[in-house]
Every structure is written in C-alpha cells, then in structure tokens.
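Here come two complexes built around subunit A, the first alongside subunit B, the second alongside subunit C.
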Partner chain A sequence: MSELTAPIAGNVWKILVAVGDKVEMDDEVIILEALKMETPIYCEESGTIAEIKIKEGDAVNEGDVLVIFG
Partner chain B sequence: MSRKQTPLRPYFEKMAEIGKELREGEVRRSQANVDLVREQEAIISQEVERVRNAGIPAEKIHQRGGMTIYDRLDYLVDEGTWNPLHTLYNPADNEEGCTGVVNGLGKIEGKWAVIIGFDNKVMAGAWIAGQAENILMVTDLAKRLNIPLVWMTNCSGVKLMEQETVYAGRRSSGAPFYRHADLNHLGIPILNGIYGTNPAGGGYQGISPTILLAHDGANIAVGGAGIVGGMNPKGYIDEEAAQALIEGTKNFKGKAPGRVETHFDQTAYFREAHDTEQGVLDGIKDYMRMMPAYDPTMFRVAEPAEPRLNVEDLNLILPANQKRPYDAIQILARLTDNSEFMEYRPDYGREVFTGIAKIDGFPVAFIGNQQGVFPGYPEYAKGEYPGVGGKHYREGLIKQGEFVTLCGRDNLPIIWLQDTTGIDVGDLAEEAELLALGQSLVYSIEQTELSMMCVVLRKGTAAAHYIMCGPQANNNNAFTLGTPLTEIYVMHGETAAAASYARRLVKEDDAGNDLSPILDKMNQMIQDYQDKSRPVYSAEKGFVDEIVSLTDLRKYIQAFTGANYQNPKSITPVHQMLLPRIIKG
Partner chain C sequence: MFDILKDLIYSSGLVSLTAGNMVMWLISFILLYLAIKKRYEPLLLLPIAFGILIVNLPLTYLMEPEHGLIWFFYHYGIELDIIPPIIFLGLGAMIDFGPLIANPKTLLLGAGAQAGLYVTFFAAVLFGFDLQEAASIAIIGGADGPTTIYLTSKLAPHLLGATAVSAYAYMALVPIIQPPVMKLLTTNHERKIVMKKLRPVSKLQRVCFPIITAMTIMLIVPSAAPLISMLMLGNLFKESGVVERLTNASSNELMNIVTIFLGLSVGATMTAGTFLNPKVLFIFFLGLFAFVISTAAGLLMAKFMNLFLKDKINPLIGAAGVSAVPMAARCVHKVGSEANRRNYLLMYAMGPNVAGVIGTVVAAAILLKNLG
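Presenting the complex of A and B:
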C-alpha cells in the first residue's frame, strides 16, 4: 500500500479526490498552501484512493501522510 | 591536411544536457494552463492588431500608390527575422492608440539592424506624445548593441493641437537629433530612407542620420510652406481674420521646400533619389551590405542547434497560476541550443541558477530564479523559515554578483529570466546584508560593458525586478520582454492593501465602526494592482519593451545574441575565458 506525504509544512487548501476515486500517475490530488504559495501534490503512480488522512484547513508537517492508496 | 575546429571544444562542443521530456500525465494535467496562456495571447493579439490598424486605412495609402510602414518593413527586412519592439507602447494614452512609430530588431541583407519608421497612416507621421521616448529607447538599443540604426522617415512634424506634449523638455522630440549625433560620434551608422513631407521636426529627423536616401516625392526642410501667416494684432481670430486665412490658403501655390530638386540636385545631401518607394529600400539594402559585421564563425563555439526539447512545452510548464511553482530548468532547457547548460556553482545560492549556454552556437550567460521551497536554506535563517523560489537570499546575491563580474571579464552577454517576488526581508535578512548585496549586484552589472536582455517570465516585483537587470539598468539592458503571464508591480496587491490599510482597520475596529468601507477600498486596490500589472498594461506603459509568446522567446534571444556578436566593441579570446575553467574546477 503506497501513500502520499507532505513535502513541506503547510495548510491543506484543497482536496481534489474522494475515497474510491481511481487516479493516474501525475494527477493532482491535494493542494497545500504555505509561504503564500500553492504546493500541488501529484500521484506518483496509478491506483485507487483508499483513505484520506486530512481535511481541508488542516495544518500538516513535512512528512505527514496525506493519502493512502488501496 | 588542413584541420579546423571551434575554440575550447572540450568545454563548449557538448555541455551538460538539462531538462527532461514531459510525461503524459504532466501534459494531460497542464492542458488548462495552455488554454489560459492562449487566452492572454488572444488579448495581446487583438491589441497588436488595433495598433496595426491605427490611423487611416492602409487601402487609402495603397490607392495613392504608396506603401504603409508595414509594407516598407515587409519589403526591407529579411524574411523571418523581424522582432517587433514597443508595439503597444502608448504611455500617454494617445487618442491615436500608439506613438506613431513602428520599430524592432531585424536583419537586412543578412545583417542585424535596429529598424524604425514613422507610421505614415497616423497623421502622416506626426510627433505625438510618447513618441520621443519610444525613439530614445530605440537609439539606446542601437548604441547598446553597436549595430546600425535604420530609419524610414515620413514625419509631418508636431501635432500642433498637442504641441505641449511633445515639443519641450529634456526627453522631448528634439532629443532624438542629439541621439543621432551621439550614435554618429560613436561610429554607429544611421541609414535614412526619406518619404513624404518632412517639415521642421520632420526636417531634422531627415537630416540628422548618416546616409540619406530619398523618394522623389520627399522633402526635408527647416519649415513647411503651408504655414500661412496666422498672427494679427488683435491676438485672436475673428470673422475678418478667418476670411483672410481662407483667401490666403486658397491662393497658396507654393511647393514644399527642401524637395529632391534642392537636396539632391543642389545641396547633394541625398546620396540617392528614387522614383519608387521600393527603390529607396533597395538603396538601404545596398548600404546595409557595406555595414561592418563579423562572420559568425569568428565568435561561435559550436555549430548552431535547436533545443533538444520541444519549445511548445513552455506553455505547459510555466503556470498561469502565479502561486504555483515550477522547474525553471525545464524552461531554460527549451531555450538553449541542444538543451545544454554549463551551470556555475549549482550548490551555492540555490534560489538562482547561473551559467553558460549556447544560442545559435554563440556563448551566452543565463541567470534566472529557481522556484519551489528550499528547506534548511538560507543558512542565516537558522531554520526559522525555509527559502522559497523567486526570493533572493545572501548566497544567491553573492553568486549573481560574482557571475556577472566574470561574464564582464569574459564578454558574455547575459540573458536574465526573472520570476521574482523580491529580496528576503526582516532583521535576519538585514544582518545577512541583503540590502547591500542587492545594490552590490547593481554595481556589478553597471561596471561591466555587457549587453543584457531581461525576460520577465511571470513576476517582476520589488527591488528584485531592478537588481536582475530590469529596464532600469539603462546602460546594460538592451530590452526587456514580458510574456502572456507577466505581472509587474512593487508588491502583490493583497500585500499592498494590507500595508496601506492595516492600521486604519485597527483604528476603525477599536472605534466599533463598520469595516466595510475600508474593505471596499482594499479590494479596489487589489483590483487596481491586478489591472495595472497585466501584460498589455505593462507594454503600454513601457514596463517591458514587448510582450512575446513563450514559444517566440528563443527567436528574440537569437536576435539579441546575433546582434551582440555582429560587431562587438570588446573581445575576449575564447581560449582565454575564465568562466568555463572555473565551472569545471
């Protein structure tokens, strides 16, 4: 089971997927907001979203798990 | 057996390849970005078309058997080499919708020239507001690149109804005559094809260049014949004076002075007189063949090559969303020959890249902002905050200053790729000497004799827009380009609104007052910043010299580079260059 982690600390601005969604490599999944910038998080492989560990507005730290793929 | 090669072949023939092909998913998810770029391009194209159609319709000129400035340019300039500049420039918002001159960088008979002509559709080439500044930018460009200036003069003189906007002042319409004298003094020739009636200001516009070639119907003179005495002791025009004017005008039979019969047959100011408009342009072509120009072999370090990676990708890579980061090296890889780059100190000052590349086989330097987040950097922040792309920190400023100085020593023209939000601020930044290091970079630029070209890819903001050789670098900046995604302002509108109204908000809030009037002002300010920083506005006001599609950037870079190496004033023997050796170590 693979997962996506936060590359930097910031706030979760947008979640673009829902549990059960099928996603492909390079799809945009989550947008973090930090330092007045948007940091988009992309899928590194194709799969299905099994679990979303955060909600919009949450503060996350670098390395926190954001999404788990099934 | 004879053998030949390019100099310092081990350094230049094959540099490190940079960039990578876009993956299918990257292309897929960026299609919306392409649409946003195209949307901006459509707005810009519409404005360019509006300027092209300024004044009387081209058909009217054609019906008279004449050529418009655009016809003349089409005939004169080598196909595919025209790089227009200042197309939308109209800083005084003239009712004509332009400044009445058309100019750019192009090749004539295989040689680069700065080319400018009066738009004879617009009040027969009258002096109108903003025109002198446009001409001064053009004369500066010829001076900077040390290449010929080619004029197509067709100038009816001052738009008399608005003389106060053009006639007087330090940088008024008389200043170009001094600039022409300056160029001549510096050994930079000015070729002048003369058409139509050119009285007074038009006369000096005609006489001030180096070589004068006239159309048979042209004249240049201190003043026009059509100025019928309008002064009378009353100091105003009444019915009687008007009737006298009407009679005087009806009975006026004189020809304009300074015709070909005078200035070819008698004074011999005109080297040539031609009975066709094309003949004048053919004459300019003949003179262009006489202009000094090295064969490119003299300065090339490799065979010219197109970028290995697809230039069209630029519309996918550079995000229209200004808050989005991207890989700046992916942009660079679509601009340089064979997508190669020899990077200077990549591990120091990570927020900027500096290094040498080839454009059409000529060596050039590139400096640009990296994007993204740099955890653990800058060191002086001691982990309190990470570095972000587009900002400048201590190491990056030192690196740029060092690199520019070495480029000056090696005579490498510099192309700056700006996408900057500013220089780091705060006590830590001051202790890290960023104020002085920013100005130190300005000093480094100024003490070189190099030509530089600036591209504001997206943001040109705060002092960082200045220190990265923005147009304020009057002596070095040849021209500055914007793109469909350019925004230029002192700071983002939201930041400016906060800075302007934060204390007022506190005061009103403490007093228990309704905040909405202040919020309205703040939001209006944000909107104003947005409206007055967009590409078309930036071009109209002269924040940039032209807005160029991302896919056309390389064409302008090629023109800048080729023009720079056509007849350089200073030469560093390639085998004596230091930078490639420093980079190799």
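Presenting the complex of A and C:
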C-alpha cells in the first residue's frame, strides 16, 4: 500500500481518476493549480486507486497525501 | 453662419491631426488587442493603450503641464515617485519569500541575472545613448515594471513610455523569449535534475526576513530605500499575520487604484512627438537584448554554483533570476517538466525569482546613485 503526495502546494483543480481505477506509472492523476498555473501530477508507480483523500477545490500543502493505492 | 462653422472646424482636433498621431492610434489599437484578446498583462496594457490613444487626440491638452488631467496623475504619481513604491508595498504583501529563506543560495542567482543589466548598459552607451538613457534601457533586463518606471522617470523621463512598455511586454513574453535561451545553455541531463526538498520555514524566520533585509539593504545601499522599504513593509504585513486588513488593502485595493493611474500616465507620455523616432524603436531591441542576457547570466550562474555544490541545483532555476514574478518561475517549471515530467520546479524557481526583485531594485539604486 503506497500513496501519492503533493509535490507542491496549491489548489486541487481536477481529479482525473476514481476509486477502483487501474493506473500505470506516468499516468496523469490530478491537476493542481499553483500560481495561476495548472500542474499535472503523475503516478510514480502502477496500481489501483484505493482512496482519494482530497476533492476538487481543496487547498493542499507540499507533502499532503493525495491518493492511496491499493 | 459660415464663420461659426469655420470656427467649429478650426477648434476641432481634426485640423491639427498629424500622421504621427494616427500611427500612435494604430499602436494603441494593437496594444488594446493584445491586452483584451491575448490577455498580455491586461491590467497594465489596457490603461497604457488607452492613455496612448487619448493623448494623441489633438487639442485635448490632457498632458499640458499645470492644466491637463492626466498631467496631474503623471506629476504626482510618477514624477514625484509615489506610485512605484506603492506598487511595491502591494507586491510585498503578495510575495512569499519562503523559498528564498529555505534556500538562501538562490539569492546569488537573483544577483547573477542582473549581469545582463550591466552588459546592456555598456552596449547602449556604445550605440550613442547618454549614460542616463543607457541605465534606463538596461534596467528593462531586470523585467520589473515598477522599478523600470521608477528609474526612467528619474534619469530619462522622455524615454518613460518606451522603457515601461518594453518591460511589461517582455514580462508577458517570458514564455516565448526564455525557453530557447534555457534550452541552448543547459543539457537535457541538467534539465532533468530533481532538486533536494526545501526545508520548512518557521514563522519566526518569515517575520524576521523583511525586517533584516530592509535594514541590511538600506544600510548598504541607502538609495534603494523607497522601493525596498515599501516592499518589506508589505511583506511584514503579510507575514505578521496580525494586520490582515492592511495586507489586503495593500495587495488589492491600493494596488488596483494606483495601477489605473500608473498605466494611464505611462501611456500618456507616448505622444507621437516623443515616441516616433528611431531611437525609441532601438530601445525595444536593446531591452530584448538585456532580457536575454539576464536570462543567460542566471543560467550560467546556476551552472557555476553546481561546480561547488554537493546537492546539485537544476540550472533552469537560474533563468528565474530575472524578476518577472511569477512568470519566469512558471516558465522554468514548464521547461523542467518537459525534460522530466515528474520534476516540479515551481517552488524552487520562486527563490531566485523573488531574489531577482530585490536584485533589480539594488541594481537600480546603484545606477541611480551614480547617475542621478
């Protein structure tokens, strides 16, 4: 069980996956918005999404957990 | 009856209209298009463009000393140097110096990028500009609008329109101008470097930063005081966390209000008579040169630092040493993620980026002290 954390602080702009989705390494999972710029966050491994810890519009800090893989 | 009609025609602006005026209308329309349709720095370009338009309608006397409406805005706002420091107050209230505090080495990148200013200064002198004009043109390389306006209004007010418009234009064009320079001066391997995580910054450090920086810079370069004092006061408002109303007033209402007068006044200095000469066109060229050299200097400075650093920095962040905040940092992030999609350089680039603001102010103060 591993997790994906926010590499930078920002607001959650779009969540591109749902619980149960299978994702591959380098897939786009979430788009964060920081300094008026959309920053796509990519998977660092392959797996299945077990839990999404945030919702669109949330403010996240660097290091916050975004999704947990099953 | 005929006399009245004749009188009406002669007192209308149409008779006094020159071809130059109409060329300026065209420039104004182009800037309006870029601001409205392309959204290039619309907050400034829109009032600047409208200022250009109305000042090139003859016989309105809007810029007539002691009489014209916009002359008063210009005189009290820019000639007396009130507006640029107020803008800096607002910037201070918005800027997060955290990435710089976490990684103070990046201050060197903000300073290194100012090399472009000095190269351009000598280039402009070689091309026949006098020292004051050359300094006003060189500061465009810092890519900082308010500082450019501040310095030009003191040293070479007749060039104000040209230097201000080119500074703001190049800030808007960061995503087009910088990437080729960045790719030319770095290897793909260097662009892939993932940087060591920034250490967390405590509230005490954030509060102390503006106080210590203000004291240090003003003791060493007293002529930087108007801009640095306001910048650091704004930042102290923000970081203290106890005067949210003042923070908001500085960064929103006050800043928006003076931006209107700033843009309109800068635009209004651009009459056909002062703007349409080959010298001015050359300023745009030299300004671009300054901006490219500054970008290159920041990149090379970062590569130079890497010779000594154990934890290598990604040299791209050197390009953010020009002060266009946050456009340059965004640009670094984008070019970095093209090389390695899981490389998020945004916050690392904000360090040199905000250092660049301080660096440009200090550079301007040194030029001002020696040439003013």
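In this text, the second predicted complex is superposed on the first by the 70 of 70 C-alpha atoms of A that agree within 3 Å, B and C clash if a C-alpha of one lies under 4 Å from a C-alpha of the other, contacts with A are read in each partner's own complex, and residues count from 1 in each chain.
Keep this in mind: a residue touches a chain if its C-beta (ideal position, glycine included) is under 8 Å from a C-beta of that chain, and two chains touch if they have at least 3 such contacts.
Predicted, not measured: the structure shown is a model, and the values here were computed from it.
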Exercise. Can A:70 be said to touch subunit B (first), subunit C (second), both, or neither?
Worked result: neither
For this session: Kindly classify A:62 by the partners it touches after superposition: subunit B alone (first), subunit C alone (second), both, or neither?
Result: both
Exercise. Which holds for A:27: it touches subunit B only (first), subunit C only (second), both, or neither?
Worked result: first
Exercise. In the superposed arrangement, does A:37 touch subunit B (first), subunit C (second), both or neither?
Worked result: both
Exercise. Looking at subunit A, does subunit B or subunit C touch a larger number of its residues?
Worked result: B
For this session: Check whether A:8 is in contact with subunit B, with subunit C, with both or with neither, and answer first, second, both or neither.
Result: both
For this session: Please write out, lowest number first, the residues of subunit A touched by both subunit B and subunit C across the two complexes.
Result: 7-8, 26, 34-37, 39-40, 42, 62
Problem set entry | List of subunit A residues in touch with subunit B within their complex | 7-8, 24-28, 34-40, 42-43, 62
For this session: Report the residues of subunit B in contact with subunit A in the complex, numbered from low to high.
Result: 23-26, 28-29, 321, 323-325, 373, 375, 385-386, 388
Problem set entry | Contact set on subunit C toward subunit A in their complex | 198, 326, 329-330, 333-334, 337, 341-342, 344, 346-347, 350
Seminar exercise, completed: The subunit A residues in contact with subunit C across the complex are 7-9, 26, 34-37, 39-40, 42, 44, 62
